[in-house]
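Structures are listed in the sections that come next.
Shared chain: chain A. Partners: chain B in the first complex, chain C in the second.
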Partner chain A sequence: MQQATIKDLKAKRRALWRQRFMENWRVFMHNPLGRIGISLLIMFGLMAVCSYIPPMIDPMYHPMTGVDPKVVSSVGPSWQHWLGTDFMGRDIFSQLLAGARVAFLVGVSAAFMSVVLGTAVGMTAGYMGRFTDTALMRLADMIMVLPTLLVVLMLAALFGQLSIWMIVLMIALFRWPGVSRIIRAQTLSLKQRPFIDAARVSGASHLRIIFRHIMPNVLPLAFLYMTFRVTSAIVIEAGLAFLGFGDPGTVSWGMMLQWVWKTGHMFQAPYWLLPPGICISLITLSFYMLGRAMDEVLDPRLRDETQAG
Partner chain B sequence: MSQSRENKTILQLERVSRFYRTRGNVFRGGGRLVVALNEINLSLRAGEIFGLVGESGSGKTTCGRLIVRLEEADQGCITLNGEDITHLKGKKLRDYRRQVQMVFQDPYQSLNPQVTIADSVAEPLITNKVGSPLDHMERVLKVLNTAGLSPAEDYVYRFPHQLSGGQRQRVAIARAIILEPSLLVADEPTSMLDASYSAQIFEILQGVRDKMGATIMFITHSMASARYLCDRIGVIYRGHLVEQGPAEQVINAPRHPYTKALIDATPKFGRAAEVPTYGTLLAAERPATTSAGCPFFRRCALAERLLCAGTYPPWHQVGPGQVALCHLLEDAAPAVNSG
Partner chain C sequence: MRKYVLKRLAQVMVILFCILTILFVLFRLAPGDPVTRMVDPEMTPEESQHLIEQLGLDKPIWTQYLIYLKNCSTGQFGYSIHYGEPVAKVIWEKLPNTILLFTTAVLLSAMVGISWGKIAAWRKGKATDLVLTIAALVTHTLFLPWLALLLVWIFAYQLDWFPITGMVSDEVWLDPTAGFFTKAADVLYHMVLPLTTLFLIHFGSYLLVMRSSMLDTLKEDYIVLARAKGLKERDIRNKHAAPNAWLPVVTSVGLSLAFSINGGALTETVFSWPGIGRELVFAVSQNDYPLAQACFMLISTVVLMSNVVVDVLYAYLDPRIRY
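Right after this comes the complex of A and B.
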């Protein structure tokens, strides 16, 4: 083939993907939920990134170990401490920034793991059918009926303090069944579609059919579920931390709430209580809005395809 | 037509049957047996276009799916070039599929919506590990041009929903012929398309036969398109093959009552469509007393109750290369070989 043709084709390919992205982006941004969700998430993202700055300005702004020597008990907002300090003189604002980092870390990694696991299990069960399907789905049922927070609490009580990564892993391990059910249902219906037969006639192996033909069709759905999983992961982590079973080495918003409560500042220090509370609500809300807007992006296309048939 | 071509048999179906068991209730049972194909005998000659004609639900698609081995026959034997392929598995099945490809009925469903045209068409090359990626693109472009999508460069990087139905069917044909198969099963490739597209698709299929030397099994419910495209025709009714022969003969001198009914149902230009030429189709189905008799008994206007309801009709040789399955052809010589 000529060099010019190849270049031309490559340009066409780039154009195709760009066009696909722009189309989806337009639908997404058309939705007010999408716009609000994205703006809030960008704000939280900036907070997470900026969390590295205060400790660099002055070690006393370190969210965990930095103590203002002039402060002996919790004080309200000032120029020195924009949101005040906690009971031992640590800066609440820098704790809040660090909390954003932890929320993203916990939320996104737990959600990612549970969605990867759920998608893999769902596709396998749906495609293989028979015994594999039954076995995997019974397992999913068993895990699904367990109340995640309660079980993790019990485990934490058994094994002492859990590290943040253990918590992430637990959440992932307990939250995949919901995803796998959805993906399985989708796989079952995809499996019946003629393009799977066409792929088989083309000589595609089972693995190729799963990864090349079924996966691209379930990924958007999996991605959608990931946003909802992020929400639940953040809430579970906050709950654990508030109840005193969080990782003592990290400053999460749930942890901050626990400190407020344990030191008896619930009703004395609104500057301390409100920011983490509001942040938890807002970040879960924004992931939820993101998901709803994405739903809108996916839905018309799914509808399009079924109509075409 | 191509009677002068070599008459080597490429594909042979011998007494091939396929049953579906409809699902019963929870307590096991109630499952009914649907006979989709009943002891079909067929042989396709190298380089011909063979038309399999029948109404909806007669088992045409099932027959095609058995041939490309998307399904397995419950009884009987299918051979390609003398090799038994009825129960092939694994690597041998994959090798077999290099030679036998299929174009599906619904072009809106037979292409993966999330896969680009380039990747869809190149798939057989990838799964069979033929050539390098650059090679693939070259062959994809060439075969798309052959299938009438030109300039092919404009189509390769699109998703199926960005093409019309006719264009999608061309893509499906391109994918089916990229490995230059010796046998192509085309399952009603135009039934979902506008009439104007049909003629173009037919032309492409003819080209595939003429230029690649492929044998084509063309499945259709329309006598008109079978007449246009096919060298030989087989007529199938509810899983039973009832007549087979050269296209011209079967259409101009049909012998089986069902074939006649099909031709009556074909719209004709310049003729009052309401007056049937043969009138072999009963307006109302008659109740069948047994299941042993002629498959067409319930709708046949010519049926003789005693004979047709009770015994399965024999094959009769009714013309050169033409056979039909009916009691009322006693004048003609009984056929020795129905295939």
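Right after this comes the complex of A and C.
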């Protein structure tokens, strides 16, 4: 009997979740920004997936090592090389595809790490209060005002060439304060709600309250901030690569721009200068639009405004 | 108020002290011998011995730390390996150039962002609003170095309107007859493209913040009251709504300062603008650690101080806030 009720409850809960998800999805797709953002991201995702194909057909298309033996310098678009080749005869189109892979890798992993860190710190600071709160928030304030790109540059000065995972880690370590501030504010208001008191009275430990009762309520917000962090991570990595401090073993869009610039091709080879920049700008824009549309899903106040006006 | 400013300045000091300490620790942890990284290999033995003593590199680590703190607080960051000159001298020459470009860019984009954001909110849903919002969104997300290269390619190379790089033209500055205004005009002429780059990247975020804050303000009761009194629409917009909508923009200027500094360094590098950001990039690529460290400290100090200025400005603009 009791088993049946629990099963019933679980089914109901699932149905409720599905209903809420469909509702949110509808709001999200109703927003033109959300539609454009998601379609662009699907396109970039396809690019990242397709980046594995050309080198498999012919090693000449390998973005890093593949060199067309017939081409010795940068030439314009042709049937063989859709976007032309770079200064040593490597195919620009396959580099562009590989760049999408790196952008997703850097953006998503750095954003994920910084959001996990920021959420953990924010919840701890908000829930514990007192000294912990002050100490953590002072730390956040301190890190927040530092220009991340220059900090990573400084670390490159100290430790030499940084690998792509080191760069991701550094971006994550310096981009969490913004998230933690918002999660802290949210936690502070949640802490006053009766269900937290109820949990405490029924004997839940601090850790259980934080993870079972507070975390589910702040996660949507954290997820929203992740989309904004993705853009900043991609831009920082691209900037670093552009300045010549990227991982030499990967082809990112920033690296491609650096090659155009450093080899002095920026005036002769628009077919090489334009694509990587357009890609970085568009992927930033699409994540930004995605974030804006999600903002609307999470904040009904914004939703009413757009529908009324 | 004075107490608040003093408190904030003390905080800045503590943060700078932390950064210095972290840099010191990281520098000792980093691979390589500190002496070879701090001392120019081309110096004579006497000179390098003198420098090692001055930096305290021959003493135990705690003494080194104290000497390091003392040197940093008095502005002695050692000798630049690349220039062979005291680092302080190198960066003091570069600082005004950065401040000139950067302050102009931030002020210009904030002013334009605020006034256009005001208009966009006022004409919400109309064509003006749509065009401004889309322009802001798109320019705001452009990749800065790429935009800079693009502007150079179009306006300096194809159209040949502006110089490709640099801050001054030699023929003007070496000409003894050239007056102050000729020189100033020359700098301004070189500044157009870097300034445009920074402006295009930054005005969008201010515009969007101003627009949404203005939309919130327009829902307030005192706007209804102003309408009921029969005031002119322009006065309602400029005198009643806008001043209250500024405040979030001021906050966002402070918060986005770190982001702007990144952009400033990239812009300086692309345009070979002789500033601190470019010097930092250059120093890192040349393995000139003393110079890189000093540039980084200087930039951090400037960022922290500007944040204090922004906070004080906020209190000045919003009389409700009393520290």
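Keep this in mind: the second predicted complex is superposed on the first by the 287 of 309 C-alpha atoms of A that agree within 3 Å, B and C clash if a C-alpha of one lies under 4 Å from a C-alpha of the other, contacts with A are read in each partner's own complex, and residues count from 1 in each chain.
Everything below uses one rule, namely that a contact is a pair of C-beta atoms (placed from the backbone, for glycine too) under 8 Å apart; a residue touches a chain by one contact, two chains touch by 3 or more.
The structure presented is a predicted model; accordingly, all values stated were derived computationally and were not measured.
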| item | value |
| --- | --- |
| Partner chain(s) touched by A:Ala157 [first = chain B, second = chain C, both, neither] | second |
| Chain B versus chain C as contact partner of A:Leu149, first or second or both or neither | second |
| Touched partner set for A:Met266, first chain B, second chain C, both or neither | second |
| Between chain B and chain C, more extensive residue contact with chain A | C |
| Chain B versus chain C as contact partner of A:Leu96, first or second or both or neither | neither |
| Chain B versus chain C as contact partner of A:His213, first or second or both or neither | first |
| Chain B versus chain C as contact partner of A:Ala204, first or second or both or neither | first |
| First, second, both or neither for A:Ser281, with chain B first and chain C second | second |
| First (chain B), second (chain C), both or neither touched by A:Asp8 | first |
| Residues of chain A that lie at the interface with chain B and also at the interface with chain C | 305, 309 |
| Chain C-touching residues of chain A, taken from the complex the two chains share | 142, 144-150, 153-160, 231-232, 235-236, 238-239, 242-245, 254, 257, 260-261, 266-267, 270, 273, 276-277, 280-281, 284-285, 288-289, 305, 309 |
| Complex interface listing, chain C residues touching chain A | 15, 18-19, 23, 26-27, 30-31, 124-125, 137-138, 140-147, 149-150, 152-153, 157, 215, 255, 257-259, 261-262, 265-266, 269-270, 277, 280-281, 283-285, 287, 289, 292-293, 296, 299-300, 303-304, 307 |
| List of chain A residues in touch with chain B within their complex | 1, 5-6, 8-9, 12-13, 15-16, 20, 193-195, 197-205, 208, 212-213, 216-217, 304-305, 308-309 |
| Chain B to chain A touching residues, read off their complex | 65, 68, 70, 94, 97-98, 101-102, 104-106, 108-116, 118, 123-124, 127-128, 134, 137-138, 141, 153-154, 156-159, 161, 172, 175-176 |
